[in-house]
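Below are the structure tokens for one structure; questions will follow.
Every chain is named by a letter (A, B, C and D) in the order it is written, and numbering of its residues begins at 1.
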Amino acid sequence: MTYQPGRHFLQIPGPTNVPLPVLSAIAMPTIDHRGPEFSRLGMAVLSGIRTIFKTEHPVVIYPASGTGAWEAALVNTLSPGDKVLMYETGWFATLWSRMAKRLGIEVEVIAGDWRGGADADAIRERLKEDKQGAIKAVAVVHNETSTGAVTNVAAVRRAINDANHDALLLVDTISSLGSIDYRHDEWGVDVAVGGSQKGLMLPPGLSFNALSPKAIAASRTARLPRAFWDWEEMITINAKGFFPYTPSTNLLQGLRVAIGLLHEEGLENVFTRHDRAAEATRRCIEHWGFEIQCSNSAEYSSSLTAVRLPEGHSADALRAEILSRSNLSLGNGLGQLADKVFRIGHLGDFSAPAVMGTLSAIEMGLRACGVPHRSGGTNAALGFLVGNAGAS
Amino acid sequence: MTYQPGRHFLQIPGPTNVPLPVLSAIAMPTIDHRGPEFSRLGMAVLSGIRTIFKTEHPVVIYPASGTGAWEAALVNTLSPGDKVLMYETGWFATLWSRMAKRLGIEVEVIAGDWRGGADADAIRERLKEDKQGAIKAVAVVHNETSTGAVTNVAAVRRAINDANHDALLLVDTISSLGSIDYRHDEWGVDVAVGGSQKGLMLPPGLSFNALSPKAIAASRTARLPRAFWDWEEMITINAKGFFPYTPSTNLLQGLRVAIGLLHEEGLENVFTRHDRAAEATRRCIEHWGFEIQCSNSAEYSSSLTAVRLPEGHSADALRAEILSRSNLSLGNGLGQLADKVFRIGHLGDFSAPAVMGTLSAIEMGLRACGVPHRSGGTNAALGFLVGNAGAS
Amino acid sequence: MTYQPGRHFLQIPGPTNVPLPVLSAIAMPTIDHRGPEFSRLGMAVLSGIRTIFKTEHPVVIYPASGTGAWEAALVNTLSPGDKVLMYETGWFATLWSRMAKRLGIEVEVIAGDWRGGADADAIRERLKEDKQGAIKAVAVVHNETSTGAVTNVAAVRRAINDANHDALLLVDTISSLGSIDYRHDEWGVDVAVGGSQKGLMLPPGLSFNALSPKAIAASRTARLPRAFWDWEEMITINAKGFFPYTPSTNLLQGLRVAIGLLHEEGLENVFTRHDRAAEATRRCIEHWGFEIQCSNSAEYSSSLTAVRLPEGHSADALRAEILSRSNLSLGNGLGQLADKVFRIGHLGDFSAPAVMGTLSAIEMGLRACGVPHRSGGTNAALGFLVGNAGAS
Amino acid sequence: MTYQPGRHFLQIPGPTNVPLPVLSAIAMPTIDHRGPEFSRLGMAVLSGIRTIFKTEHPVVIYPASGTGAWEAALVNTLSPGDKVLMYETGWFATLWSRMAKRLGIEVEVIAGDWRGGADADAIRERLKEDKQGAIKAVAVVHNETSTGAVTNVAAVRRAINDANHDALLLVDTISSLGSIDYRHDEWGVDVAVGGSQKGLMLPPGLSFNALSPKAIAASRTARLPRAFWDWEEMITINAKGFFPYTPSTNLLQGLRVAIGLLHEEGLENVFTRHDRAAEATRRCIEHWGFEIQCSNSAEYSSSLTAVRLPEGHSADALRAEILSRSNLSLGNGLGQLADKVFRIGHLGDFSAPAVMGTLSAIEMGLRACGVPHRSGGTNAALGFLVGNAGAS
């Protein structure tokens, strides 16, 4: 491989750019996962991660990447043949529903157009019909990474309550946690699924289940086979900062530092910073004259923006040009959006000059690929960023 | 925590001391797991790991620690109610059999005394009785990490063949891979389970299933529910160096370097180095007058040695003394061996002065704790090491 | 200190952003500076650094920052009371001349206006007058870091030759080496002074003297007291890759990697990349309507650009605003230019998106500080970069 | 180069093994040496280093290795032709005196036998003779790195006082600072010379001059030419945490961490730890039957021990054997001791198992090389270490 000068810009919607203090903590020597120093580390991260999910209940940490935590959410709460209601917000919602089917769960999907969040009204109506309580869980994706659309989780909770339904609420927070406000306890979520490689600014390899007491109770009777993903042993042994099997020690060392960085900046400041990067990005895209995949401005994502290219232009060719020209990675279109959209990750360890470098690289790519656009989009972004600077 | 001067000696039987070039590769920035640079990385590690397992067939790499690969070996090959024959070599064999039961598999365990490897003759006899072929798999642990005893895997294979039985052979190589010779294809193993944190000299967080064509065929009809652990999608997408879901990118960066280091030294030299460290350790222990947990010298482990303390002396108190006095971690006794044995890891990135430092720290601990022993054990180790030096 | 999200942009004209593989090599353990592994390292860097200076003669490497190599160039070649002719291209030329005076050298300075390189004609004329050969050396700065102006070193050499004068030619290449073409042997330079922290992409701490045979001959009779800086012992002991006193081992480990990166990209490609970043920067500045400190376009620097702010605006206030708003450092005005100019470093490990991020951060700062300018400068830069992309 | 398994043991008497948190701090990105973050770093290290020298007066930090600080001590305090009285404790004292001569200083050396520290009585007698005060400075090496002998600096101070002499006292603390108690103010030293790569546990590249008010006063009239080494500008600009020319930023980042580690352990504990490692080493050597180069037990060094091999045996061959067999570096004999002694560094980031690993590697080397010795030396060391453990 030829050396590419300059820092790589990893602007896919996760994994995100890992801050050097986090990389550095990950590169400290592995320690004995059954010794006293590890116990202190375990206690620190188990307690720290709760502050990120905004919960007082247990958070289970898996030495596995995010897809595993999807599986854990399902196998700990459901039994073979149980029905789960899922909302098709995009590619990741679809993958999660496919997984549920493979695990022997009956899945009912409310179809979506991949251009917005889950429709709480539709969920309410469907639950009201379910008089027998056949539906055991409702599963939604908080921030759909394939489309850049946010689901109003609080509204989904209210919908379940309004329907007076007993279903558990399962929420994928993989690409929102640490970049978009998420309130586990306040919103009444039963199981939240998280990963290390997005707003937490770690490499991939850790994933999370944040629980509610109701979810824990459900796990006692759920009968899908489970061992690696089982919550009970985890929670018991976590009490002293340890894990039932070998944890991903070095990533936990990084997690301790990452949680510290988020609190040093302040979670609310972190969210505002993401909001501003997202708005700047959208101003630029609108100036160029492109359509944003999320069609509802109330549901725009602050983690990423998916951009639709004009008919007849390949998003993948554009991404390849930008990668080779500017050493900057963008996310590809997934599923039905393949080659039609590209996705800009503006989450994690990110700042205004990096936003501008990213948008500039894209504008250069557009020119080089001959994709018609109104030039000067980056100026629009710059104007927004500086105009709002007084507030930051 | 108070700063402890001097490098920590991590002499548990895994995780092991990670070489700095490996830590350093892990600390390089996370890259796009769907981009061309990752494809090169993926191809390199997927092909490289085969040379460590000594197989020409696929090796699946999970972004999860070793316990996950145990689960993967079972759910990909078996169906609910299938019977598996396991051999109780120690604590880890026991944990694996418990996991199988939790997953809905019928487990038949051949009891063992935790002082040696699996008895191939007993396996042969049991299989001969199984005229109907109810037993779908035989599962053994190559190197039992709780006792320091090695199972003769080739003999187990012959036993299955001699019984003319069709069972799959599943082998846990977690604490042997990269430190004790393991020959996947030559020995006819169907599924080998490996982990990153032992002989591969990485932090925990990656695990492996090395497959045989017969195992892959079995997976097509096996009906235990599976998604995260499913081999098929993995193998398909691995063909271009990618993974079906987010891999543990940074650990893979380390894996590429670690495999390179093993080949730079030469696998045979690596095994010889482990054999010598193990023999030096045993000479020392025998001089002290302690019993080695593995009672059959033909089955001694080159990865670790478990040492029985005299009645009335606490192995855990000894370990705590050594940790606080010498900043050196040893493995604890597990299950029925709790507080009765301690375990010395002499695997991974390890050299003669580190062996001597380790044994010296233990001898100091023995004196400090008043555990009766014949002093001068480290001298015996030194004599062995220098006596054989000409050969190295 | 509060955590600043996003990677810091270190856009001062050196030290520059250090690539991670170089930082990582520096963080490898210190090795025995008298052992065989060091010998290989020493040979590699002593030979490698010659390819960067484009010389076949010895290059002395000091475990000291760049100012030390200035002193070394003087004390090895001159005697008390010797006269040296220096050209006042800016602050660093001035500092070097002050140093010469402090060391007991008689300094004659040709005054300059700090807006261009050294005037070869003026040097020729002065040398022609010096019939008795009182002038023992001519000293110029190749790239004046305080103004962003390049001296035509080949022309200075020709001027000396035309004057038929025997003076040594001493050249400061600190901020040109590795970013602007420098040809030690071809241009007939006698002593070149270099540092690690600019185009070589290392932290500060190493410095260099590239020599000519004539310089080495001069050192045999030069009588300024010297010990630490003495070339002779260095050159003798360097023959086997060693150093007469403790070298800066870890920085040398980084130097080996940095030289490798420069050659992997190709020195000519490195220079072209710097030229393009510089031109993009100037297009932006001109669009804004500011004056570039270097008034002669033939002498523009590809390492940095110094920008004059309109009367009544503080360059330091602007820099402070940009630092706190965008986490980006710019160089300050030095000497007579204090608070009047700011300097943009566009050298070292740098790429197009970083150029654009840098210029965008400056444009945001200009707006925030109310410095009058024509907006859209970044667009001009972008247009240049993409327009020329086909050539890269 | 072939990969050597296991951590290298760097047991030369400096550079020493650098703790990972220090290496990691050095590998953090270079920052703007004129910005506010640097100012905080500068203030922290300038104030912190005083606590290590135990002084309330300025300590100058050079971006240069230790030999440079020798030169600085001389050129800041002396004028051409001034006389300095030096004591030949060994190779480094000799090198320092040679340097002084090269710089134009008149040097009077009190000859020594390289087997002990400087003789304060001899210094007193010589000073008493110097009625005219021709001697401007007395220079001694606190811990002679070539022999492992300590000079009683307080006694030298008293000798000067007793002689009622006005000479400055210059002390080389390079291999004592941070490992053997040194008290700048209490002992009335005028200039102490230190380096980063020994007890401070950093790579080489930083060096120090700790000053007294009298030394500062002397520097105002001293007339040896100086620029890079000049104290005055340093002290002035240091007041705000900055440096007059580019400092070695990344090593300063490491220095901040290293000072923190020393205080976390406690300086007195650090010294005791070194005393114990040294005594264990000597017990081992005495058991083997070898002579220690330092013949006066009151002057034994806690940083290193130089060992005399029996006539007819090559210390260098022994060191080469140990390096290739055990991946452990030892110091060579210097000057008149070449090939006759080897030197064991037991300073810096060092612990009991590392002491034992080191001594064991040496005993293995002795056997392999056929150097006659009484085996079991490591046992003697072990006995000492555990016997005194209660006290630690």
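Here is the rule we go by: contacts are C-beta pairs under 8 Å (C-beta built on N, C-alpha and C of every residue); 3 or more make two chains touch, one makes a residue touch a chain.
The structure displayed is predicted, hence computed values, not measured ones.
*Asks:* From chain B, count the fewest steps through touching chains until chain D is reached.
*Replies:* Steps on the shortest route: 1.
*Asks:* With chain centres set to the mean of the C-alpha atoms, which chain is at the far end from chain B?
*Replies:* That would be chain C.
*Asks:* When the contacting C-beta pairs are counted for A-D and for C-D, which pair yields the higher total?
*Replies:* By the number of C-beta pairs in contact, the winner is C-D.
*Asks:* Please work out the Cα centroid separation of chain A and chain C, and write it as a whole number of Å.
*Replies:* Taking the mean C-alpha position of each chain, the two centres sit 45 Å apart.
*Asks:* Rounded to a whole Å, what is the gap between the Cα centroids of chain A and chain D?
*Replies:* Once rounded, the distance between the two centres reads 54 Å.
*Asks:* What whole-Å value do you get for the distance between chain C and chain D if each is reduced to the mean of its CA atoms?
*Replies:* 34
*Asks:* Among the residues of chain A, which are close enough to touch at least two other chains?
*Replies:* 7, 17, 24, 27-29
*Asks:* Which of the residues in chain B come into contact with chain A in the complex?
*Replies:* Residue positions touching the partner: 1, 7-8, 10, 12, 15-18, 23-24, 26-37, 40, 62-68, 70-71, 80, 99, 102-104, 195, 197, 203-205, 224-228, 230, 245-251, 323, 329, 332.
*Asks:* Which residues of chain C touch chain B in their complex?
*Replies:* 20-21, 24, 27-29
*Asks:* Show which residues of chain B lie in contact with chain D when the two form their complex.
*Replies:* Where chain B meets chain D, its residues are 2-7, 9, 17, 19, 261, 264-265, 270, 273, 325-328, 349-354, 356-358, 360-361, 363-364, 367-368, 375-376, 378-379, 382-383, 385-386, 389, 392.
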